[in-house]
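Got some structures for you, see below.
Two complexes, one shared chain (chain A), two partners (chain B, chain C).
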Partner chain A sequence: MAAAPIEELVRLLAKLPGLGPRSARRAALALLRRPDTLLAPLLAALEVCARNVRRCSVCGNLDTTDPCAICADPDRDPDLVLVVEQVEDLWAMERAGAFRGRYHVLGGTLSALDAVGPEELGVERLLRRVAERPRIEVVLALSATVAGQTTAHYLAERLKPTGARITRLGYGLPVGGELNYLDEGTLAAALAGRRPVG
Partner chain B sequence: MGQALPEIRPAPVAALAVERLRLRDLRNWARLDLAVPAGPVVLVGPNGAGKTNLLEALSLLAPGRGLRRAAPSELDRRPDGGPWAVAARLAGRHGVFEMAVGREPGAERRTVLLDGRPLKDRGRRAELVAMLWSTPAQDRLFQEGPAERRRFLDRLTLTLDPDHAAQVATYERLLRDRAVLLRDGRRDPAWLAALEARIAAVGVAVAAARRQLVAALTEAGAAEPGPMPGVRLALEGEVERWLEDEPAARVEERLAAALAASRELDAVSGGAAHGPHRSDLLVRDAASGEPAAACSTGRQKALLVGLLLTHARLRGALLGELPILLLDEVTAHMDVRRRAALARALEELGAQAWLSGTDRGLFAALDGRATFLEIDNGTIVGDERPSHAAR
Partner chain C sequence: MAAAPIEELVRLLAKLPGLGPRSARRAALALLRRPDTLLAPLLAALEVCARNVRRCSVCGNLDTTDPCAICADPDRDPDLVLVVEQVEDLWAMERAGAFRGRYHVLGGTLSALDAVGPEELGVERLLRRVAERPRIEVVLALSATVAGQTTAHYLAERLKPTGARITRLGYGLPVGGELNYLDEGTLAAALAGRRPVG
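Up next, the complex of A and B:
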């Protein structure tokens, strides 16, 4: 049994996705063995993030500024909004470098069982944004899972009355696949081949 | 998703078979290492000896919770054994492979290993290990409510369509999600419509897969009646009826519309008034036309086993591989004539069959062809193999 603070560190690390108790112990040991080159810089990075990173009040992205750098960038097309489930998906799109519009990050998918409803996904916020721009196109880039498709169906239904152009990503998306697992070429092709919904 | 059943191909039919079985700390079995001979295996012994436990161990190699639907920790040997593990070398159309299933130490979870590597994909497992079983718990299958019959049918479907179990689970989850919305009085029409559209899409796929299976079984049973009595099957349900005269896409729309119209009612009942979760499998004796529920207990058992054998044959014809059969206490209610018919049917089929019973005399028709394992208190106390089955 390790000392209590180390056990606490392991317990917290084990809550991270992809880390079980065993890999959390390995990660803790790796940190403790390199106090100057790993532990201290990590602590500093965590502190900076904890103090500065927030959710963008426009799109839901994570950044140190609000609105986020993407929302504040005048070169990004305000009449093209890509709706994604998670910040990871936004990152994947940005890595691909094929998208010059802006985002709406839902932060999840609809699930009454898990008490995730339209409020949790910021749907009203999205609708207000869309209502302000008559020529806007909304691209629904949700995963091909059942939850993703239910949510896409819901959003299309809510967006229809705004008169906005609604599209979804084109071919190349695997069934059950999530955006952040796709390579850049596939993402670019799916974006270029987007098709109207409904 | 509910794709058409594969084309019938005349390739040689393999029989999936367990070649070696090892157990540890499962129910009343401390340890077992068994080289399995060719031909039927008959487990004989008094009640509580561990015959069904051995069949259950085999059933755990296939996806699902096994033939007793037990939770992982229920399977640990009492009072001090565990965690349990089952490992088998199997041979079938995918060649020879090792499948191991066991409870994870300190967790209410199973680990599955394929050739020593973790296997998470249930569909892949369903593809590799297909098993059909009959247990005394099914003695009331034809009298019970339709839920048990649907579950039975879904298990059969799974051995042909590895994704079927996931589809059924998705469908049920979507129904629960809708029920929560309705119960909480959240009449968000767009949310409900989105759910109902998915429920309809997945539900119609589930219904279509069941319907295809029932049609294929009916055809297979009629084309080649075996020594066991035949059955006439029908699926009774609204969605199945719609599928008879309309394309699936149209049926999806119709089901979604029916669900939208029943929201008020469903909010009160907590369920859903439409969908394949309300369908039933109707089984009749093909010879007399009588409903199975009205037949004698012995006849019912014979009908059920006959149905399993027809399904096994169908899987052989469609996929080129016969599933393993686990027949627990099936001869108990059969007379001499039916027991002889069963022995003949098993021989004609050629699938690996595991049978159990308290009285060796019930399996006289298999004398000289089957291996008889005498079981007592979680051990094999007698092992009598037919001369030709030396391995």
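Up next, the complex of A and C:
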């Protein structure tokens, strides 16, 4: 009902996660109202990304270089690989600034329903990386969900023959978490993972 | 912490209404994961909009033509002008499919704080349009907010000398609205606007 190019813009914006038809209309109008300060820069940023961003052939991260900046960084420990489901998990871990190793981005979890098998997740690529380094530690940093843990279990089985050290993230209270509001599973895990004080 | 072009894309997406930093990251990744089916079409749609969409010099609507399709449509009554705050209000009214007149898009409401005066809202342009048609009806379809009603009151005062018929939208229960959940103002307005039955 608006002009066809605007309708097309709204339709595509509505495909972005977090935007529905209504917020896509608002977003389209925000862009059209600010042609020079918002629409043009976004256009340019999308062009640069379309032209330059690719997947790292080593770890599956997205970057403008292949291997990505993390895989190419000599200061990052090549004997410590953190396996994550998605690039957003890698970003989150980088924001935390607590990890100085490298990554392996699966791109999802095993799912019979969505026909995601070991091949789609680059498991062979991970096994080859691990086999190349005898003293490597693989941290399975998958979500604490059924899909995440099923995948972690599968990966642990596949990695066992390599002799690599295999670990997972610790479970427990999130920082700032109030006992009152936490689920039973988290509380049980926190209890099981208790540490001596002082 | 991601590559600079990706960070730039996230920064710009986060400026869209409805997207915060977190959802902008998710949206950027959704685009980068689907370069051919989402990123490229969005890029093309933005380009087409940047090149072709402009403001209608008659009513302030956004369209690829000037005057816009509504102002140029001979089947739409030129003696009935609905004044709205924003283009999204025009779109909402068009979706309702109940209005066969034309529009005047103010682009906002009067606001001393944001330095929005009659000039920014194109009030003179509206007055000229109205003065040209002696039998015109102007429907003030502004929001039932303080800002909307202040602006409607101002417009009514300015329009009075033209002799035009000036109306506003009816107030009352929204369709599907339950009395139980409606505010006192709406209930009072619905009572005042009651109609005979049968």
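Just a few scattered comments:
Operating definition for what follows: the second predicted complex is superposed on the first by the 172 of 198 C-alpha atoms of A that agree within 3 Å, B and C clash if a C-alpha of one lies under 4 Å from a C-alpha of the other, contacts with A are read in each partner's own complex, and residues count from 1 in each chain.
Going forward, a contact is a pair of C-beta atoms (placed from the backbone, for glycine too) under 8 Å apart; a residue touches a chain by one contact, two chains touch by 3 or more.
For clarity, every value in this text was computed on a predicted model and none was experimentally measured.
In the superposition on chain A, A:158 contacts chain B only, with no contact to chain C.
Of the two partner chains, chain C is the only one that A:27 touches; chain B does not reach it. Applying the stated contact rule after C-alpha superposition, one finds that A:121 touches neither chain B nor chain C. When the two complexes are overlaid on their common chain A, residue A:2 makes contact with chain C while staying clear of chain B.
With both complexes placed on chain A, chain A has more residues touched by C than by the other of chain B and chain C. After overlaying the two complexes on the shared chain, residue contacts for A:41 are found with chain C alone; chain B is out of touch. In the superposed pair of complexes, A:17 makes contact with chain C only, with no contact to chain B. Touch criterion met: A:111 reaches chain B, while chain C stays clear of it. Looking at the complex, you find that chain C touches chain A at residues 1-6, 8-9, 12-13, 15-19, 23, 25-32, 35, 38-43, 45-50, 52-53, 62-65, 68-69, 86-88, 91, 94-95. Residues 170, 173-174, 176-178, 180-181, 184, 186, 188, 190-191, 193-195, 197-198, 202 of chain B touch chain A in their complex. Interface residues of chain A facing chain B in the complex, by the touch rule stated above, are 110-113, 117-118, 146, 149-151, 153-154, 157-158.
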